[in-house]
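I am attaching a structure below and will ask some questions about it afterwards.
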């Protein structure tokens, strides 16, 4: 068993201490995130269907769905979606196995429609969304069925890598939590707040500027005054969430593209800009940890929708995040950890080409001193790699 | 005002007295009829939307929808639709008028989904149907708005014709009523009976052979014995309906393509063959009177989905049927009447190029003797042509 | 061997002697005819591919293609197609047989593109047409392969009928030949003449009114004067063709919807109205004999694209036309003949449920007198039914 | 004029000196790169069309195209593409301006088809590719036309950022150049080498492992022996290119997923895996500098297809690369530079929220010492930002 673990100390200034830091998060209702959510939920349903039927997961990947924006005519108090949003589910699935037909396309369409309905409270999926499907036929040999209970690691589907780090910097924490709070709490209190939220955090020294874009829901906004009042509430709310998590000055700007004098504000019928001109794709938004963090190492792989048992672009990204966190939490003296895992197509996924760990240690601790302990954490994590699969299917591990 | 009415006596043997007569009807759940129904319901909703917004009907035609069959794996007691039915709504609609956006595509998608759900009791429109839309932009000038209340006849959209006749022959009556009875009554009593029914009537002298194809609904059919029992019930039911309307021998054959020994019978998940291999199109099935009658003069125009105010392919077919019926009912001595109306593109629809009437008169009555009276009926009907429009929108006049 | 042949004398006035007669033909470039042509050419290529690979024809039907019109901005001297024409190939084909993959979709796309390029001289298929394909998977058992050389008749795919008649009336001859002459000759002489031609003939007594719509090709028409000159040439040409074939007065009206004062004339970039708002479908235009003839008995089946060996909607329509012609040509005393063939699903195609022949005999000849001879012709034709298949594949028998 | 330039010294170990380095490049024929190339070429053609017609560029973005893989049956010596590759062009374009129609969809389809034909030498675009288009309508006000010659900077379309760095590390140089050399040279010498190449470089200390996947073209590979010979040639070629650029051990592994004993090797009909199961999207592959470099800061924006005058996701990524290079080349003492540019939606693009520069200086040089000079280079670059637009349209600046 060769894990190829390499541990190296980092001399780089930790992200939180650099002068400039940029962090972004696209909310649940953003067109790209919608695609991620659809892809991931279809993957989960298919995996479950395969497990129920055959006791194992068959080959599939649904990580290429595409959203083509609609056209709308939003009006204070409620207008119209003029042309529905078009969502094309793309990917591969095993549709026949062991003489049995599997209704993969039917499941995909139903799951996608349901996901959209749940993600966007104000959309009417009967009229405002078209879900189409051009999913190809994948094939699974009898020997290729992944049986989670067998415990043996499958072979990597590709030569690819995954990357993770821990912990979040304060700026990352703010951006991440703010969107979650808007979605989970503010939306409940203020029905005019839609699900399409985008937050850009720029920290310059210890000043944090948050630029927030929030789609409002036209039927819950009677006029411009009401809109302005919602904007004020959002600003106050975001300021509160951020100030709890950041020691420094916080500035919040909401919907800066509005031109209130012209009456041109961010009004939507459905709560998402997908209704009017903003297309979306899987894998173009948040990384598996929910953020876009240019100062961190990132993989470009779309984790969402990929199969949960041997697709490196999913597994290794989720695993690398987990391992980083384990190192950070379990190894004394480590202030920041990042993990890169590189697979070799055809080799077992618990034997990467390389498992490279960068650790930023406390003053007085060297990388050499923690090397053994870090290595053990990584080794254990790789040993247990197949447990990730079940947690993905259960929805315990998110990809966006 | 020039109606160009021509009345001519027919020397042909009435259809009912010829040796051989063929009559066919495709039921509500047949793929072609589904397309007709979708096209017509979308047309009605759009017309109503235009009326509500602008007090007049704007240019549109939705007579080109296409159904691409799905794939299914029906099993006694219930199996799966493996790949959803794909329905593409094609046509034109005015999407912007007088500075206002009209949600034509949204209405079309919603209406089509609703129509399918109502027409097919056992389909799950969330998973088993994809409704897509590629409806082009028609344009309407201010002067082209059709205001039903104005009473003035619009100009014909095309050089085209419509055809009708009355009354139904006994064979036609049987075929027409049998499908209706299966849909309206038998289906209530026997849930295993689906909506996709096709009836072919062949009369040879005074023997009527009815070949009936009925899709059964798998989840309501436990096994082959249950299936056979359903077939027996259908046969008995059809025989009863037919015998009430036909003086002569009636033979009924149901699902003749079944091979019971091989276990190959007409089982479906959804009640329609559209789930498995049978595509459908607007205008490929029943004529506006609900039948396919090769012994009669027929127009090939798809009446369903065409706009209800100046599309000759719709208006003249419906009007010709109405006028035939009026002549038959109101003019003494007429045993059978058929009407052909030919428009000239750009001329008012109440001034056809020709309104040709064929009458088969009772013995002792000549065509000349009824010519004046027939002409009056036709003249009155053309005078009142715009009333047809409102009745179409109200759903009082069917097209399939 | 039971042919179920029924011969009956017709008392109806022959079509040519009735007062009013309507005949229509949609030209090669009409959107409906384009769909017919695509469907039929794809069917031919697939049949040939099956024959080449397996020595037999496998299950397929491509009779459901749909054309969604584009959008154009035609200008004298040449403008633009703004949005391409979208053609969706729908149908079924056997894509795997005896362990071998058959590139049915690839063949369909290539054949359709090639057909369009050849049918429309002025279209640029690289930019002005999108050919898409959603062809389902049909399946063929080993025993279902149709081997033309075996000589044994396959079983009917459906309970359906086909209809034919002979000879053409003078009006029918005129309408048929005029479109052919415009396509084959006039277009060569006058490049401004497009392929989308529609001819409506109305005979009232011995006056024939021809309403002709001809799409012109913008790049070959410099201005309104040039357009008017083309119209004059078309009118003169049509008048010439018609007068050679019709003894009576002939009136020709070309592009009657034009409003020359407003500069609104029938100008296109590509020679077809499909570029701007006119959708098309298989089977909505000409019958298998190339005409739309409401005064004749007609089948509504789309003959184009259906498989050439056991699809009744194709075979019986072509066969009935052939048999009518044979009866008319070979049996003395017959002035007009029509044939209706009704199949029974599952029975051999050379044993119809009924083969009903109507004959209009010369004065002095009774139907009884020709019954035997007519029956022999029909019997021979049914005996030789499988020869139709090869002639269809060779392109000797047209369907539009 | 506020450029908000911030210069900071980097204490991080330069990438080339860290123990582990991962670098990847997806070649021209990879499905993701194909999408990038299509998106970018459509953008260029549209920009040029707008310039030619109106002297300015109108609103458009074509950065969302999606490729749905086909299905193929590759055979030594040549097999078949069974189902064509489906490419859906998604995005927005201004289709009407100043009363004039712009054939944006037609241009998009034509350009995409041409791009595919040129990128993939062995594909038959008539049969093996379907290019579809669902491009929405963007709108451009008169005042929003970008006129390159005006010299004034347009407003940012979004709050977003771009990132660049210079110079390439040796490993980056090797990965980048190797793919280029295979595409430009090896493919000429060995026709069996396809365009779908993927190179993964893993440097561990001074050992560089290159994992190369190369699609081969079936018709140019007669049998397994020929295939093995091609593999040997590729390995030797790659080794040569890499060794010229890397001082250390180089190991090359080609098509490691092959199972030669089973006869399962990387054979394609067209030279790309898009023919069989590998979907593609814009922006999922290489960054604007042609590489995937997890150790570097990266933007997740898809640069390809975005409009070239105010879309930050394109402009700032290209500009940041340029500026990094300028700093590296023009400022003495700078060994490595990276630039991050953050826009504010609605503000002029030459006035970023922040222009953050990280410099790694030579020993003995401090960041403070070069700060002024670095700032000047950045200031000049921002001053000249609009020149980027023209260079993009001319194809001088690539995005993949």
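Read from first to last, the chains carry the letters A, B, C and D; within each, the first residue is number 1.
The working rule: a contact is a pair of C-beta atoms (placed from the backbone, for glycine too) under 8 Å apart; a residue touches a chain by one contact, two chains touch by 3 or more.
Just so we're clear, the structure is a prediction, and the values are computed from it rather than from any experiment.
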Could you pull out the chain whose C-alpha mean position is farthest off from that of subunit A? C
Counting in whole Å, what is the centre-to-centre distance of subunit B and subunit D, each centre being its mean C-alpha position? 55
Could you tell me the distance, in whole angstrom, between the mean C-alpha positions of subunit B and subunit C? 23
Report, in whole Å, the distance between the mean C-alpha point of subunit C and the mean C-alpha point of subunit D. 50
Taking each residue of subunit B in turn, which ones touch at least two of the other chains? 71, 86
Work through the pairs of chains, note which ones touch, and then classify the graph as line, ring, star, complete or other. ring
Considering the complex alone, what residue numbers of subunit D touch subunit A? 6, 8, 10-13, 18-20, 22, 24, 64, 66, 68-69, 71, 86, 88, 90-92, 134, 136-138, 159-161, 163, 198, 200, 202, 204, 209, 211, 213, 256-257, 277, 279-285, 287, 292, 294-295, 297-300, 302, 340, 342, 344-346, 353-354, 356
Across the complex, what residues on subunit D touch subunit C? 71, 73, 80-84, 86, 95, 101-107, 109-110, 113-114, 124, 126-128, 130-133
